[in-house]
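Letters A, B and C name the chains as they come in the text, with residue numbers starting at 1 for each one.
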Amino acid sequence: MNQVLSFWLVQNLSGNNTLTLLLKRTEEGFPTSGNDRERVFTLKWQTKEKAVEFVVSSIGLVSVIVLLLIGFFLFKEAFQIFYKAGALQVIFGSAWYPTYDPPSFGMWPLIMGTLAVTLITAIMAIPLGLGTAVYIAEVANHRVKEFLKPLIEMLASFPSVVLAFFGMVVIAPILSNWLSPILSEKLPELLKSTNIPFISTTLADFCYDKLFIASGLNISTAALMLMVRAIPVISSIAEDALTAVPRTYREASYSLGADKWETIWKVVIPASVSGLSVAVILGIGTIIGETMIVLMVAGGAAVVPHWIFDAARPMPAAIAAEMAEAPYQSLHYHALFGVGAILFLITFVLSLISDFISKKYRAVRIGEKV
Amino acid sequence: MQDTESIHKPFMLVRKKRFNLKQGFFLSLIRMLGFAGAITLFVILFFVAYNGIHVLSWEFITQPPVDAMTKGGIFPVIIGTVALTVFCMIIIIPIGVTTAIFLSEYAKPGLILNMVMMSIYTLAGVPSVVFGLFGLAVFVVAFNFGMSLLAGSLTLAIMVLPYIISTSEEAIKAVPNSFKEASFACGATKWQTIRKVVLPTAMPGILTGSILGTAKVSGETAPIMFTAAAFFTPGVPQSLFEPVMALPYHIYVLATAGTHIEETRPIQYGTALTLIVLVLGMNLLGIILRSRQRKKKAW
Amino acid sequence: MVNDKSIFTINDFSIYYGNFKAVNNIKLPIEANKITAIIGPSGCGKTTLLRSLNRMNDLITTSRVEGQVLFQGVDIYHKDTDVIELRRRVGMVFQKPNPFPSSVYENVAYGPKLKGIKKKSQLDEIVENALVRADLWKEVRDKLNESGLSLSGGQMQRLCIARSLAQEPEVILFDEPTSALDPISTANIENLLQQLQKTVTIIIVTHNMQQAARISEYTAFMYLGEMIEFGETDTIFVNPHNKLTEEYITGRFG
């Protein structure tokens, strides 16, 4: 191995290694005095090294600059709407009528739309995502793992426009044409026929009123598709956190006679709880920022949703749907940048929180190496 | 023999079966949850493939759309997505890899490193539609590129930057220290070591990361909606400053806008299938390459 | 072979990892309430053998065994053997102290809680008792709620011993328990082991021959997966029968 390595090194370095440099310089003739020679020689490649370091470091700062630019341009373009219409009125205003005369830019319905789909999605996606992670990291045998991990990774990069398309053409019709009649017609009839108090009256009425799905394009359908988007994000981060739990913890637990589930539940999960919460936070960030699904599936109504089968226009959907028709530098254009700025702030705060948690977590892991 | 003996022992070490309801229940629950994602993937794949497979043909992928996009193929759409992706990668791979070199070889712990790390971390969490807004404000308007291939590629590039950085950094950090030491011992400078030893050794990992990044980029819709994507262009783009059609945007417009939503359903399925084959194909390629590299790794 | 004093009887026992035979055809009786040391150069299979005694090697999926290990006359590799119960009765302390990242109290109470003991007073008693037996009570009585990871290395290792003792095991397996510790902590642990052998059988794998000589009653010498020599420690160290043993003990290899 070492011989191969050194051979390869010589091959690779021979273009420009110090030996050739030295040879070249000998041909050219060294400066006469020994001191001068050393100084010149050192100077030359030290300068080059410095220059390289400068260039590399400058490029290394690109991401910082980009982030600052994103913040700057978003807030610059958003400033006008908050300034002209009043920040509080814009954020808490309940009417989003950007094209009316006069227009009204209350973002509250959009914010509540995002909140509603995020909540419903989180309720489904967090247990499924964490469950997947626990399965892959702790339960599955090697072969299942080798099979499942790439699949989850592929699900993560599945184009969201196709997910949205699937939601539109498959899930939405199933909900409105198939599930709705069963839940809001057949079920109440069945309940009524039982003649049991409460069930045949209140519960039947509830089904009749609330389980009627007017349109399949609503926040529940969107949440279902968003869940598919969030599961791989949550599970891959959570799996890393679980795998990072030292093997010694598991061994200690097994050696005390714990079974697999007890070891997972009482040792592995508590030891990785910060990593798992980072997974959940970043998963929620993904849900909040996902655009195509809420754009195509959530129904598009810019009103505060009151029930799980209502339509909504979450923030990313508003931006994506309206930007094309908003005249450049109009108030509408600025309002959409305002929505973008709020979205950016939310995800920025989520990143800060998860970064804080994972730093703390890393500190603990270093501390235990004592 | 042992069984009979054990009966006389003070403790019951031998039981016919340890019936553990709790463990059984939770582990089977976890097993079911574990497969939910995989099953979903297969269901959607199957559905799109089932409806799209008979649309796909040589003509479909080599002909331009005709009759208000209700007939014909999606050739310019495919070319648009390929062009966006290729330019995006040409722009971002050098920057991403250099940043990774900075992070792993040059940066000293301190404020600057923290700032860079924090920025990458935050960029990774920024919603794609916000990148679209940024591209609109900066590349389309401020730089006056207009809705164009260039503006779209730049926007996608910024979006995928954190991913390229983190995969490259991982690949670079995996280069064993002994390689670097050997190189230094041969009298190489730091930059020579990076260029001749670190980068060649990390290159397979960097390439794999870039392929996976390419897969992510080619499926994105929101960042190109206001920066590059056109509803319809008559042919393939002739310059960097022309708007382009793209697969994901094509699916979106055909499925939601226009007057022929039902008539173009087959084309929608065909486009979706093409996109999936492209994205998942590249993904699979990346995953296979990566697992090969891991197995092959001798150090 | 099985006499009344033997708590473990290992009969023609072999362990494979895949195709590699890590432990070859071992015969070894372990006497109750004594300290038995297993010595040998690195990679001789001593840790593998130790880990097979409470079936911790089950966790390595490629491992496979042949032959018998009788614990109080019961074949622990029989398909009806309850591994969980076995591990409760045959505890283990590892090379690197591995307390859970929870409080000192929770660490010790972990095992009893698994058994379903919920009453606070009963748990308190078990925890105190275990910590006293592990000679740690005086040092940690005021910081039971502090993290187990905040203790010093030697204290952490005694915490791990206490955690094992809380299960009231009959045997504790020690896998080089002092290799990560300073000399003073090592001496403390060695004293502790000698106190403990009145109530618990101890099997210790060690790389340190002086340690084996100091504390153990019996010593087994292993080399390349084979049991070369087993006997009373005094005999092994003063008058070994086997040439290899002699060479190892006099420090000619290893």
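Following the convention adopted for this analysis, contacts are C-beta pairs under 8 Å (C-beta built on N, C-alpha and C of every residue); 3 or more make two chains touch, one makes a residue touch a chain.
Keep in mind that this is a model prediction, so the values were computed, not measured.
The most distant chain from subunit B is C, comparing centres defined as mean Cα coordinates.
The pair of chains sharing the greatest count of C-beta contacts is A-B.
If you average the CA atoms of subunit A and of subunit B, the two centres end up 13 Å from each other. Chain centres here are Cα means. That of subunit A falls 46 Å from that of subunit C.
Counting partners per residue, subunit A has 259, 262 as the residues that reach two or more other chains.
Multi-chain contact residues of subunit C (touching two or more other chains) are listed as 84-86.
Within subunit B, contacts with two or more other chains are made by no residue at all. For subunit A in complex with subunit C, the residues that touch the partner chain are 141-142, 246, 248-259, 262, 266-267, 270-271, 364, 367-368, 370. Against subunit A, in their complex, subunit C makes its touches with residues 54, 56, 59, 61, 84-88, 91-92, 94, 96, 98-102, 110-111, 113-115, 149, 153, 160, 163-164, 167. Across the interface of their complex, subunit B is touched by residues 1, 5-6, 9-10, 12-13, 15-19, 45, 48-49, 52-53, 55-57, 59-64, 66-67, 69-70, 73-74, 76-77, 127-128, 131-132, 134-136, 138-140, 148, 150-155, 157-166, 168-170, 228, 231-232, 235, 259-262, 265, 282, 285, 288-292, 295-296, 316, 319-320, 323-324, 328, 336-337, 340, 343-344, 347-348, 350-352, 355 of subunit A.
Of all the residues in subunit B, the ones that touch subunit A in their complex are 20, 22-23, 26-27, 29-38, 40-41, 44, 47-48, 95, 98-99, 101-103, 105-107, 112, 115-116, 118-134, 136-138, 141-142, 158, 161-162, 165, 179, 182-183, 186-192, 196-197, 200, 212, 215-216, 219-222, 225-226, 248-249, 251-252, 255-256, 265, 268, 272, 275-276, 279-280, 283-284, 287, 298-299.
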